[in-house]
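Consider the two complexes below, in which chain A is the common component and chain B and chain C are the respective partners.
Let's turn to the complex of A and B:
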């Protein structure tokens, strides 16, 4: 759907701060200014939501050609532009669209005075909470206060008291004194999450954001309201008081909690993930993500993390070096004949890791390789039924028709004694793949990699600590067939290694050198073998990924967004 | 170039003997000796039993410490600005939420743990300068010793012990804001 196929949109000339630009008819003034490099400060405007125009921060000076007197003709200048008559009252840039020959001043005396006044009014009742406010450091009110504010308050009365620290839902906390009544959260709950439980009560400076009596903001997308809140009125219970935002190192990655692959930013500090926030990608997740995916990172900071390779000795598992563990594993695996070893990979592995798993299966001469399917419930928004983030990658790279179909034959093989050794890559076979402890007990050798201690690791002869999603680099293919990259926020704890590294070293121990040093090398090897990846490079993948396969999968939330955009309700 | 010609003093014959000066010098020594013996002058400070404290100015930059206010509320709200500004990264703060049944529940946040590594601290005073709550001050404590690295880390208890109570500061958390 390229732009050329659509009917040509009429372009209008607009003067912004003295320079003439061209924009398609219907462009909002605020977007026109942004495209012209003159950002207009705003609170209530959000491109994915309707524009009520209630914060007044985006007021700009606007002008149109004057209406000529009867018989008079306006004389265009040499470029064909008519003279502009500036309107003495300012206009909001967020809800008005550009018009032919319109003039906008984003830095005039009137505009500056408007911003100054709006800031002063917004700050009148705002508490001096910044030292304890989680938003401090990424707060629009702080930023615009520095840019457009007064520096000192002229307000000598007592500030209005409002409810503080109110639990409006299981995951969201509200501080009404900090609220600036932008209504973004109300519109999000109503328009995007279809859960209109928020609203304003009372009037004037007593206006209070409240949740409907007897209801709570409990939907699976509630934490997005915390993201879009320009101030610290809505804070996340999970992230509250955990870490100040200016300490967080931000890494662009993707969510691995389901097949949607929502784009996100990992906020981490010194080897610990503190929060995940959605990153805009209009082809995947718009600007949102679900609460489940957003909070599904705490296991990375768990006390159950495996930090060292373990080898089973006479007195249980003993800590070993990587060299010892790899040597022990390879020596054991080399002792089995063809098809006596089975490999259970995971739909949570990256393409690179799956490719190495395929190489590894070939190195141990095994045809038994499969992934563990993981099915949940899809909702009508973003969450997909397939809870594996890279099922398509597994299908493509491992050549699986029906992922999970081979698990039964592996279990039967173990029961009948045909399969004597098992390699579980980042999967907990006992809890997730339907293996019983008895199945695993029949094995002569079990190798397990996983970030956490689990029953499979307990039964394993060699346990290798594999990195979690924030600790590895690689690519995944989401359900719409989009190839997206995970970036490494930090190294895993202790001796943790990325699964592709573990597999590379195992293959090397089994006698195959491969010249692979980085995840990028694995991708290059993969691109040379699998035609879908041909011509791509891991490092060159754009931040929002590339469309790789055509699966016909649609995202309900994005469909609705497109509809609303076509109607002109949102900018999109 | 300008030069200064120094004229050597012309010594008398008895001055050239040096003996009168020598005797005079011994006299001074004997006088000090006698005054010290009889306790009339005191030149040795009995450190560490005796400290410099009385001689230190009010603005002396010693060990940083946390203070409580008149109502024994810990002033620190764990905003972590000092941790951010600290040039040698000596400060580590773990924040926590104040329980809703606490008297100061409306402050919402306080440090669960506040550690200053005194091996790292360079006594620059930036933490005191950046603090928006007037909670951390450089005190006159200068003799920081310990027998291990762990002992040189001041924890929250120790910091309040050094800091004590400070009165007369802004109390923005009181009833009226």
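Let's turn to the complex of A and C:
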């Protein structure tokens, strides 16, 4: 073995519930059991956080080979395994690692008795207010009560009273009586968010999770504490009492609030998004997401949603059918010469939509196509300065070197009368791209697609309702060059259509059919033309995406996670 | 009320912190002891001051203060009485001793709760609280008045009469 080569990780034999398995040395017992398909219930353990071992729910029976008497030698069996002497006291599986010839029993009488006892202790002071608790349906205490608990309580004394309905921050609410003191939230605040404002006061029979008077849990990652809280102690101000979790239809998608592309799950019901929760992807966002991205969906349920195509008539905008609106738009656009039409696409469009935007620009004989850059402030965790989710897709598909650099020439072209028509795809040019009402007034024809009513739509001759991120299917490329898929949770309100559909129909009106019926067809057409996508299929993209481009971009939070994992502080 | 730390006290605290070169957080207990010795209690201001001194969030100091019954968050009287209530003393009359001490010292314990264990007499001379084992189980009931230890206490009035 050369010096550069890492030594191969030593594998150890471990017997779990009677079957022998092999695990790398250093594997936590709880992870070994999980990998062997014998999940061990737990509350405090979280692979991304340190393991204090305080909830005791993961107690298992453990055994090792007995120490031989002097002169005696242990005889291995025919498979080379030594006999196991079971230790009469249980061990926690979360903070101990496997050892050679170790035995673990996750289903023995001792293990079951431990779980039973721990459940009984945890429920002694628990208010059992499940009918009004937001966590009901995804509560570990409920689930393990069913699996490991006692049907009735033997406790006849008074339950301890603790603070309830405490606003510990602008977005998080605490019910201390529901808290089982697992300390996940404290460790998240200490270790991940670097904002150690949470702690336990009055440790003992009155242990109380608290923020110091005058302090609050206000960091941009505070709502992750609600996700990792195994019970209903921490709830989200935004989501609490909005919807029972078992009614939510869960759709795997990605966040479109910045270029990070955090993986998330959309919790929706009957055409309405109720919450977004992070979905683990160790190459993108670990198990977390920022509060800004998580809460940035309410516009989808806004009263300002455009629900029907609109055509400007004598008396202002009038509702039209798609056929009328598309025909009107196509007829108007067909009347302009080469480069008299400009297209302003968006870094919020999917690759498929950008590809259709490129085809569309060709159909209207325009070389003017650009996107609106959107810059914010990067933090040292996940949030990226580029607040467009698909800038890399726009660069790749539209061939833009410097996105946004062409906007000025489009504005100048409009001012000088060279550009006579403008198509704004999912962008609000007045508020976000520095166009004035005067600029737009000079145009002979303005077509706008957007989910919401806005000043650009107000000025447009034809307005088409375009779907928001939860209402469309497609792919985007995040800042690290990872190709990820958005899935449609539900259709947009009213007559809303996905932008790629709108563009396909416009192209059809302008020049005939193109054989595209699904977002997957667009992707296939794109893969045939753009070499980076060659060989890929939209439907085959894995839930955690694929590395497509090498951008050299790193994620500060992931760098720190790798460091902690290498030190063995976390499982990762 | 702003906390005024005398120069000598701060010097002593700074010296105590040097005993913990690896982590300043380890100095929380010694610093709190010094503050309680000087002020008689750990006020909210003292918690915040300690946190700033040790570069911690105040909650990390409050955790420690609220854990140890030895740290007081309210002011005691001139003489602070601790009555043992652990098994041996409880059987030897610890609770009766508490009652007679309260009567002799004119202390009303009706406001005592888990979070406010100390009762102070109206004149501020005596304050009282239950304590866990004071390590003299053979001579119960026992109590402490400030740092004095008293065994086989039967006459509460006579005991308190020794404190002017």
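By our rule, the second predicted complex is superposed on the first by the 566 of 572 C-alpha atoms of A that agree within 3 Å, B and C clash if a C-alpha of one lies under 4 Å from a C-alpha of the other, contacts with A are read in each partner's own complex, and residues count from 1 in each chain.
Rule of thumb we're sticking to: contacts are C-beta pairs under 8 Å (C-beta built on N, C-alpha and C of every residue); 3 or more make two chains touch, one makes a residue touch a chain.
Every value quoted in this text rests on a predicted model; they were computed, and no experiment measured them.
Trainee: After the superposition on A, what does A:212 contact: first (chain B), second (chain C), both or neither?
Mentor: Only chain C; A:212 stays clear of chain B.
Trainee: Of the two partner chains, chain B (first) and chain C (second), which one does A:200 touch, if any: first, second, both, or neither?
Mentor: second
Trainee: Once chain A of both complexes is superposed, is A:241 in touch with chain B (first), chain C (second), both, or neither?
Mentor: first
Trainee: After the superposition on A, what does A:159 contact: first (chain B), second (chain C), both or neither?
Mentor: first
Trainee: Would you sort A:44 into first (chain B), second (chain C), both or neither based on which partner it touches?
Mentor: In the superposition, A:44 touches no partner, neither chain B nor chain C.
Trainee: Kindly classify A:555 by the partners it touches after superposition: chain B alone (first), chain C alone (second), both, or neither?
Mentor: neither
Trainee: Going by the contact rule set out at the top, does A:463 touch chain B (first), chain C (second), both, or neither?
Mentor: Neither partner.
Trainee: Per the definitions at the top, what is the overlap between the chain A residues touching chain B and those touching chain C?
Mentor: Of chain A, no residue contacts chain B in one complex and chain C in the other.
Trainee: Give every residue of chain A touching chain C within the complex, in rising order.
Mentor: 196-206, 210-213, 215
Trainee: Under the stated contact criterion, what part of chain A meets chain B in this complex?
Mentor: Touch residues, chain A against chain B: 127-128, 130-132, 136, 158-159, 164-165, 240-242, 244, 246-247.
Trainee: Please output the residues of chain C touching chain A within their complex, sorted ascending.
Mentor: Touching chain A from chain C are residues 44, 47, 56-60, 62-63, 66-67, 114-115.
Trainee: Spell out the residues on chain B that touch chain A in their complex, using ranges where they run on.
Mentor: 77-81, 83-84, 95-97, 100, 105-109, 132-133, 172, 176-177
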